[in-house]
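Lettered A, B, C and D in written order, each chain numbered from 1.
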Amino acid sequence: MNSMQNSLKVEIGGYHTGNIPPLLHEIRHALRNLLDNGETTTIDLRSLPMAPGEQQQLLDILGKGEISVHLDALGKSEITESIYAGVWLIIHYNNNGEVMGKFIEITRVPAILKAQTADMEESLAALQMRLEEI
Amino acid sequence: MSNNKPLGQALREQGVSRRGFLKFCATTASLMALPPSMVPAIAKALESARRPSVIWLSFQECTGCTESLTRSHAPTLEGLIFDNISLDYHHTLQAASGDAAEAAREAAMEENKGNYLLVVDGSIPLGNPGYSTIAGISNLEMLKEVAEHAAAIIAVGTCAAYGGLPHANPNPTGAVSVEEIIKDKPIVNVPGCPPIPVVITGVLAHFLTFGKLPELDHLGRPLAFYGNNIHDRCYRRPFYDKGLFANTFDDEGARKGWCLFKLGCKGPVTYNACATIKWNDGTSFPIEAGHGCLGCSEPNFWDMGGFYNALSESTMNLSRTAAVGIAVGAAAGTASGLLNRRKKSKAEAAHETVSVKDLQREDKS
Amino acid sequence: MNSAEFLLWVRGPGLNIALVIFTIGMLIRLLEIFMLGRKQNLAELRANGVSAGLRTIFTRSTPADKNSMRRSMFTFVAGYGFHIGLFVVIFLLTPHIQLIQSLLGFGWPALPTPVVDLFTVIALISLMALLWRRLTHPVVRYLSTPQDYLVWAATFLPLLTGYMSYHHLWFPYSWLLGVHILSVEFLLILFPFTKLTHAFTLFISRWYTGMMAGEKGVAS
Amino acid sequence: MSKATLDRGVQILKEHIDAPTAAYFSSCVNCGMCADACLFYTETGDPAYTPINKLEPMRRLWEQEYTLVGRIKKLVGLSKPVTDEELGEWSDLVYHACSMCGRCSMVCPVGNDISYMIRNIREGISAAGYAPEGLVGATTRAVEIGSPMGITMHALNTQARNIKESSGLEIPFDREGVDYLVLLSSMEVINFPEYLEAIARIFKQAGKSWTISSEAFEATNSGIQIGASDIARELVSRVVEAAEKLKVETVVSPECGHAYTAIRWDGPNLMGRRFSFKVKHIIEVLDELREQRLLKVEGIEDSCMTFHDPCQLVRKGGVIEQPRNLLKMVATNFVEMDDSGVMNWCCGAGGGVSAIEEAEEIRLKAFNRKKSQLDKLQVDTLVTACANCRIQLEEGLEVNEMDIPVVGLTEMLADHLVEDK
């Protein structure tokens, strides 16, 4: 795989759809909205056309912040706060490690990180059972 | 088949956590090209969704569509969807064969009468029923039979949706699309040669989630995936607008990734999600690989006047037409001109000198 | 007929039918004009009319003088807007050049599409202004025949449908593109049988007028 | 017995439709710009007077007879045939409301020479018997008496005698081999007898030999105005024969617009042969004399003057700079009118309009264009070089109570001639 990539000379510079600046603006507005009204925003990166290399450019701009979380439910998920507090990058993988979805979420804590009521109820029951066993 | 619990319950029983379910909903929304804000509604719908029975019929086709589907990231979320639909008949994929396979089909039809989903790939030959049969049953007959009690039909691939390659001029088998035969059922076309895998599963997911077909465009395609044309979403579009084109596949323009319009790219008339969803797990799509779009999700793409001729060129030889026009026009023009000259000389020959006496009418003076 | 079949028809048979009618019709018109002939001028000439004729072919594209321009300002502004716009759209848009190239075997560089788009808008606005004038100005209204309105519509439609196609307005693009091409075919078919012929014959008219005036020593 | 019928008119129109006409009709887009250039429209606001509209019967005839489409249209009844009534109706547009000034031909954006076609449609309308009475009368007199105003040699002889008595100048008749054969217009003979004397004085000073032919002194050509080439040819041939008989070098057209066009430009084409002599307008001759320093003037007019360009001289004849060169010899305060030169506005009476009684009203309305030009200038004197213009200008000025004298350029120069010692 690597040897093939090395033998092919592919120029990828110079492409741009021009989608990055408006996307960053959208993120900025969303952050403002979060601060003012407490509303969260999710952006689906798959719905935007990107030129080769452009998405990486975006991720580079967002960078890696203080928090990085790994989730394991129906495959892995990576949840990373960008260098901008409140701006999160969420990547869902399937069991084969293939990307299933890429989102930018502007929120205090991504919803998926919070313990879910149904799960907690189930856990409560399980804990109860465990206690009874003891 | 009797295992028909609501999806939420089924998933929980499989040990999928609520987090996992939410992740599933988020990626399903993305799959259906729905905005993330729809996730709660999707979660609610999926919670109570029941797995439908699906019958998949393959007619005049190359199995490319099925290949595409199976090349999607199974066993994955799509796989999960297939876990949650009951694929009761698919002669390429199912283990059963021969009479047993047909029996499974008939059983599924009987059990889910009026509720099952029919998926078709491949076109149907009308020329001679013998051109394509399954278990001795002609495609036409089988389609009519299965369609009769189907809740809805999904025509997967351009052959099923619009006739596709078998339909290409001169269409030796008399191939037609599903919608040309079945007129009284909701049909959704998922064209492409093949369609993007997640688009196939996305439509299935939509049916699974909401129990109905998505919103369609004028060609029966789900707007969520076919709402934009390739040209408008293409990352090379700025080059088109600037007038920068590749003129050959190995010139400077081609190397610099300029617009492929002049090399026959059919992007401007092609509606598909290639430019956004891309292929091979979002890796690339034909234009990104340096080749123009063939327009495979459009009817008659095979006859669009040559894959390498620009869209604005005629599909016929204009120069020859013009030459014929010039020859005929020159002859006809000369003939008409000669007639005019004769008429004029006649008028001149008939000329009688005008004298002052001729300047006033008899009746006036 | 679906949009693809329609598009296929207009790009193939439709365009060929239109082109053949156009070439035959225009050649008949031009030969009919030239073959009527003209008497030789026997008067002693002040100057050779040839250079004057050639000169007038170009100068008539500009106003005769300032006052004439002022008097016909509306027609000049709208006329220029329309004609320049139309010229740019027809001859400097990539897909059009590509079509011409497939017909003639050679092409030329195009303008960026947003620029062509702007000229389309200019042409459309100018055409609407000219229609308004045709409907309201006493002289133009008096002169106008049904053919004038027909030709107006036949010229307006390709511009409008082209604009709508480019911007994907209101209808599916494939239908729009098909209708756009069909409207051009309609224009081509009407061309030899209406005043649209002026696009060719005006050069003949200017030539004769310029030459005849030039022989008398008048710059026409 | 008159042979005038619709058929005859149509047949003659068919003869006159040529390649330029076909190109012109093919090119017209009904833009209406010719109306803005026509004083009969601008001064009346009547859209029927739009120049191109004056050709409608001929346009239809061309279409029906000389185009494939038109023939089909006629066959299926989509195109009405030209009728008698129509030609009668169009007579008013073509004769009363057109002075064939040719301004429309200058502005037409597709380059149509509309006045060229007016000249031709008049052929058909006159052959169909719909020429206005006044013009028919003038033409008849021109052919039968030798002058549209009925002037005979007798009147001219009397005038020559008067000149001889008052100034001692000999008016030479029928001399062979002279430099100039001088033609006169009836109008000059009647209204501006000073012209003849002026000519005599100028040529005498310049040392040029000249003569008047007793067989063809009339320069005007009603055949041209009415649009009857056969008659125009008859009238021109008289001059040509006289010029050839007297073996003159140059025929001099008087201060008259259409007379110049008739002999200089249409003459050879009517006769079907090139002339052995030259044809010049008196203004061209005078300007040549000026160049050769044979025109010696003294004294300067300091009143404010302007020059009215006769259409047939500028637009139709190419005589543009000459009158200005001459004027500047004797005038210091010369100002140009708006649109002067090739774009000058017609006086309103050219092309035979002055001979049509019924056209008096519209002719005086058309003068308003000239009036507004003059109002803007506020000149003391108006100079021109066409007797027909001059009469119209005088009449128009009088009707509008404007006190501006109108002067013929030749006479004005003659008034400034250096007296022979």
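Here is the rule we go by: contacts are C-beta pairs under 8 Å (C-beta built on N, C-alpha and C of every residue); 3 or more make two chains touch, one makes a residue touch a chain.
A quick note: this is a predicted structure, and the numbers were derived from the prediction, not measured.
Looking at the partners of subunit A and subunit B together, they share no chain.
Closest to the protein's overall CA centre, chain by chain, comes C.
Among the other chains, D has the CA centre that is most remote from the centre of subunit A. Averaged C-alpha coordinates give centres for subunit A and subunit D that are 91 Å from one another.
Centroids of subunit A and subunit C (each the mean of its C-alpha atoms) stand 57 Å apart. Inter-chain spacing, taken between the CA centroids of subunit B and subunit C, is 38 Å.
Across the assembly, subunit A contributes no residue that touches 2 or more other chains. Among the residues of subunit C, those touching two or more other chains are numbered 28-29, 32, 34-37.
Residue positions of subunit B touching 2 or more other chains, listed in rising order: 332, 336, 340, 344. Chain pairs that touch one another are A-B, B-C, B-D, C-D. For subunit A in complex with subunit B, the touching residues are 11-12, 14-18, 42-44, 46-52, 54, 71, 73-75, 77, 92, 94-96, 98-101, 103, 111-112, 116-119.
Considering their complex, residues 2-5, 7-8, 11-13, 15-16, 19-32, 34-37, 94-96, 98-99, 102-105, 109-114, 168, 172-175, 177 of subunit C touch subunit B.
Only residues 12, 16-20, 22-24, 26-27, 29-31, 33, 35-37, 39, 73, 75-77, 80, 233-238, 255-257, 275-277, 281-282, 284, 288 of subunit B touch subunit A when the two sit together in their complex. Listed in rising order, the residues of subunit B touching subunit D in the complex are 332, 336, 340, 343-344, 347-348, 350-362, 364-365.
Listing the residues of subunit D that touch subunit B in their complex gives 1-4, 8, 11-12, 14-15, 17, 65-68, 126-127, 129-131, 133, 136, 139-140, 143-144, 226, 228-231.
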